[in-house]
Amino acid sequence: MSALTPSSALSPTSRATAVLGGELSEVALRRYLAGLPAVDTVGATQRAAHFQSRSIKTESKIWGLDTAISMVDLTTLEGADTPGKVHTLAHKALFTDPQDSQSPRVAAVCVYGDRVGDVIEALGSAHVSKDPQGVAVAAVATAFPSGRASMRVKIADTEDAVAAGADEIDMVIDRGAFLSGRLGEVFDQIVRVKEATKKPDGTHAHLKVILETGELATLDNVRRASQLAILAGADFIKTSTGKVSPAATLPVSVVMLEAVRDWHAATGEYVGFKPAGGIRTAKDALRYLSAVAEIAGEAWLSPDLFRFGASSLLNDLVLQRQKMTTGHYSGPDYVSVD
Amino acid sequence: MTRLDVKKTYKLYIGGAFPRSESGHTLQVNTHKDEHLANVAQASRKDARDAVVAARGAQRGWAGATSYNRGQVLYRIAEMLEGRREQFVEDIRACEGVSQRQASSQVDQAIDAWVWYAGWADKYAQLVGNANPVAGPYFNLSVPEPTGVVAAFAPAEAKNTSLLGLVRTVAPIVVSGNAVVVWTHPRQPIPAMTFAEVLHTSDVPAGVVNILTGLRESAAPWLASHADVGALDLMGATDVDWAALEAEASATLKRVLTPAKSVGEESLARIRAFTEMKTIWHTKALG
Amino acid sequence: MSFLDYSAAPESTGIVSLASEYGLFINGDFRPGRGQVFESIAPATEEVLTRFAEATPEDVDVAVAQARTAFDKVWSKMPGRERAKYLFRIARIVQERSRELAVAETMDNGKPIKETRDVDIPLVAAWFFYYAGWADKLEEATGSDTPTPWGVVGQVIPWNFPLMMLSWKIAPALAAGNTVVLKPAETTSLTAMLFAEICQQAGLPPGVVNIVTGAGATGRALVSHPGIDKVAFTGSTGVGREIAKGLAGRSTALTLELGGKGANIVFEDAAMDEAVEGIISGIFFNQGHVCCAGSRLLVQENVHDELVSRLTRRIQTLRLGDPLDKNTDIGAINSRAQLDTITALTQSGVDEGAGLWQSDCVLPERGFWFPPTVFTDVSTSHRIAQDEIFGPVLSVLTFRTPDEAVAKANNTPYGLSAGVWTEKASRMLAIVDQLKAGVVWSNTFNKFDPASPFGGYKESGYGREGGLPGLLSYLRPHSSSAGGK
């Protein structure tokens, strides 16, 4: 990879062709991904445990909690999602602590594609399209969460969400194709979804590629899938849909952070990382911030490059923030239910 | 007119060859009645040095052979000892002055001890090694390995050791894969040199067993201090100041077996004394 | 402020209450020594923590005599099942007082609280638990109806893992039925004194454990004492030689765990990120004050540059400073003397032409500190490739073929530890076969467990601690004659 030059000007396909040495084929992809360094799971798990023992206190904690809040993709992905539910969530995205207007906004609200319009309406002038400091709207697409649909459906799903105004698309890879070795198919699908994120003004909605690491099963697969997604043009790589257990784990995150770090070292390009699902406490969130800073680097401590896909996490972040600002412990009645 | 018999010239056994001592010195060996029996080579410190070099050269290959193969090679030696039993009985009688019955019994014991040790080649690790249940995701195994090159002094008692003592010294050392430089009984070296002839016609690789003869005082400290010798067997070194040799061996932290340590003449502990325990950890994970 | 300048997160020292002076622990009580009282300082701050008594040869005499009495009258007569319960009690009390012990160890030794809390003290408890269970199974362990302890054991331990080394020595000795006289290192005697209190709390019969403080003279008096049946020493190879020489001609049993210059071998196909972690744990764990440290990195030439760049980048994130801070990765060097040794050997590396790289972490003004250091372009003839530095200094060498890796790894009079990093199992097993080292970590490094034997080849000493071999070291060899007759 060290021979690479920054290639963001190229399309994913031409860039991948360059990385693979002139040939973009199933075999070339497989050889390239198999040639990545292996992951020793015991070692990676120990590295992850190291972040469990980081102790984030006082000023670091205050900064960390605010930063973590600003990185949340506040998420609801239920069949029962209604306009009302989504409105509530959008309001919460803006006013994270009803007791304290200084509490930061989250980064985005993440919903199914058909609720994008509801979120935009609820955000009003605070939508990122009207206020650069505002909140973005992310939509899951591509037959989320399983991804088991035809390409035609996945593209339509994506185009619908973009047309409805989604700023970010969270797509799923075809894990079946990945596990059966059809890496080119996974690559092509990401490339095509990326094309479908193009907006009328020529810009793209940001593409987060969900690997669903709980189904990939091994950390070697996580490393390879991360690299594949980045190669195919992912702006972010994301751990999970939240519908499969285990969702985000620290060992998986260690490997994915190493992937974005290595890609940056090789090309100078920044790819973001989003753990999603299973992160419920402020303590966990702060550990993730340590992992991000220590593995990828402090440049990633920004909503542009790091997000938490979460719902209940926000309330704990706010509770802990209240403790830091008021000096006493808070309780669940002092944060809003969704 | 009676026929004049042809006397044998005894030499050292180093690296699978029978060289004379580089010093040119010989030692007169007498029968128990103080009659001249033979002249044997008086090994010097340089002979000891050469023997260590030969042992080092052979050790890796010997240890690298399969345990089954080492066992077979050693058992083959027992077969050949049996074939030479008359000569051993004669040698022992000449050196020790013991009866035919006693000499014969010593040969029996020596062969049986050799067979006993030979069988350990592919077994001792199973009794000495362990799988260790550590508290973590690791495969963890301890296995014994030969120490390397061992210098040994065969027992020097007046009776019943000239062959048996040598066997009990050499067998536990080589069975695990060590190479040995063994110094024979200083005054009764003839059975040991017949043993060398047995080795020479056996399948044991050259240099695995090296045999020095002669008085032991002057060269022994050179073996004790030799940096390429990993262990020292002084169990039989009662004719010399073994405590001084043990002190000498401390400079290179050799493993030392001395008369003050209670280890059975034929015992698993004796094999173990010339082995090292290696413990291996490896990560264990599905994913 | 950068997020990575984590705010201070110091562990409270309120949990530790130190006496202003500690005596010798003999026959269940503390008593003054006959020698000079000496100060114990915190290496991170150079503040005086407390004072210890120096045991003279007369004091050692008394301790050995009390240990003998306790052996003859109490401990050797007690059923194994009863001895086991004392050891279980000790293990439990260690767990109960683990925070206090961790803080005290960190104050006294200078190592990070992260390590004392997560490694040292948990292993101390584990060691006592493990050997407690052996105390009533000696017949099975030995295959003898009459397992026999040595009697009175003299033990001398180093300053790098003070309480952990104490547990490695005392737990198997007591389980096997011996009584002990132990001398901790003069710069790190604090937790041994707290352990003496634990013996009192456990109701351990007086004289079973005796602890004499002092420096080299006290140690010499102990290991050469005619009343000692077995000596167990962990420390430098130089002192190990001296002890072995002193005991020559005697029936006293001896086990030695000495120095090392461990090779950590990284092949091109290694799990690279985990190898980096393993290299770091191999040489920077406990500031490199580890006899089994992976102080020589042997890296396959074709991945040298990539590995070194990953390694140095990672080392930059290691946090050096207040050992009591929960986020500290690298603590203080244990003593000024050790710092001087590390500094001198590092200078020799520079003088001999190796490439010096040091983390640009800021060193505190007071106390003894040394930054994580990596030497590249090291050849086998450099002093830094041969001598044990016992500090956070890594020497990087390269190899081209597996044979060359083995040859270089074994090219040392030591033989304590080694590491192998490869994804190829067949190669790993073959390399492990050929390494002359008592402990080989494959795809990991610096892991310890009471069930796992530990100890060296060659000049790294003899005998094993841990596991069944570690128990058998404290029992007389069972002299059964050959079977089948």
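Letters are used for the chains, namely A, B and C, taken in the order the chains are written, and counting of residues starts over at 1 for each.
By definition in this document, a residue touches a chain if its C-beta (ideal position, glycine included) is under 8 Å from a C-beta of that chain, and two chains touch if they have at least 3 such contacts.
The shown structure was predicted, so the numbers you read here are calculated from the model rather than taken from an experiment.
Peer 1: In the touch network of chains, how many steps separate chain B from chain C on the shortest route?
Peer 2: 1
Peer 1: Looking at every pair of chains, which has the largest contact count?
Peer 2: Highest contact count belongs to chains B-C.
Peer 1: What is the chain whose Cα centroid lies farthest from the Cα centroid of chain A?
Peer 2: With centres defined by C-alpha atoms, farthest from chain A sits B.
Peer 1: Find me the chain with the mean Cα position closest to the mean of all the protein Cα atoms on display.
Peer 2: Taking the mean of C-alpha atoms per chain, the most central one is C.
Peer 1: Using mean CA coordinates as chain centres, what's the chain B-chain C distance in Å?
Peer 2: Roughly 36 Å, centre to centre.
Peer 1: For chain A and chain B, let me know how many angstrom lie between their CA-based centres, rounded off.
Peer 2: Measuring from centre to centre gives 69 Å for this pair.
Peer 1: Taking the mean of the C-alpha atoms as each chain's centre, how many Å separate chain A from chain C?
Peer 2: The computed centroid separation for chain A versus chain C comes out at 44 Å.
Peer 1: Which chain A residues touch at least two other chains?
Peer 2: In chain A, the residues touching two or more other chains are 40, 42-43.
Peer 1: On chain B, where are the residues touching two or more other chains?
Peer 2: 138, 283
Peer 1: Any chance you could list the residues of chain C touching two or more other chains?
Peer 2: 443-444, in rising order.
Peer 1: Give the list of chain A residues in touch with chain B in this complex.
Peer 2: Where chain A meets chain B, its residues are 40-43, 45, 217-220.
Peer 1: Given the complex with chain C, which residues does chain B contribute to the contact?
Peer 2: Checking each residue of chain B against chain C gives 113, 116, 130, 132-136, 138, 140, 142, 147-148, 227, 230, 242-244, 246-247, 249-253, 255, 258, 260-267, 269, 276-283.
Peer 1: Tell me, which parts of chain C touch chain A in their complex?
Peer 2: 1-9, 114, 118, 269-275, 277-278, 306, 317, 326-327, 423, 443-444
Peer 1: State the interface residues of chain C toward chain B in the complex, per the touch definition above.
Peer 2: Interface residues on the chain C side: 126, 237, 240-242, 244-245, 248-251, 253, 256, 258, 413, 415, 428, 432, 435-444, 447, 449, 451-455, 457-459, 461-462, 464, 467-469, 476-482, 484.
Peer 1: Name, in rising order, each residue of chain B that touches chain A in their complex.
Peer 2: Per the stated touch rule, the residues are 137-138, 283-287.
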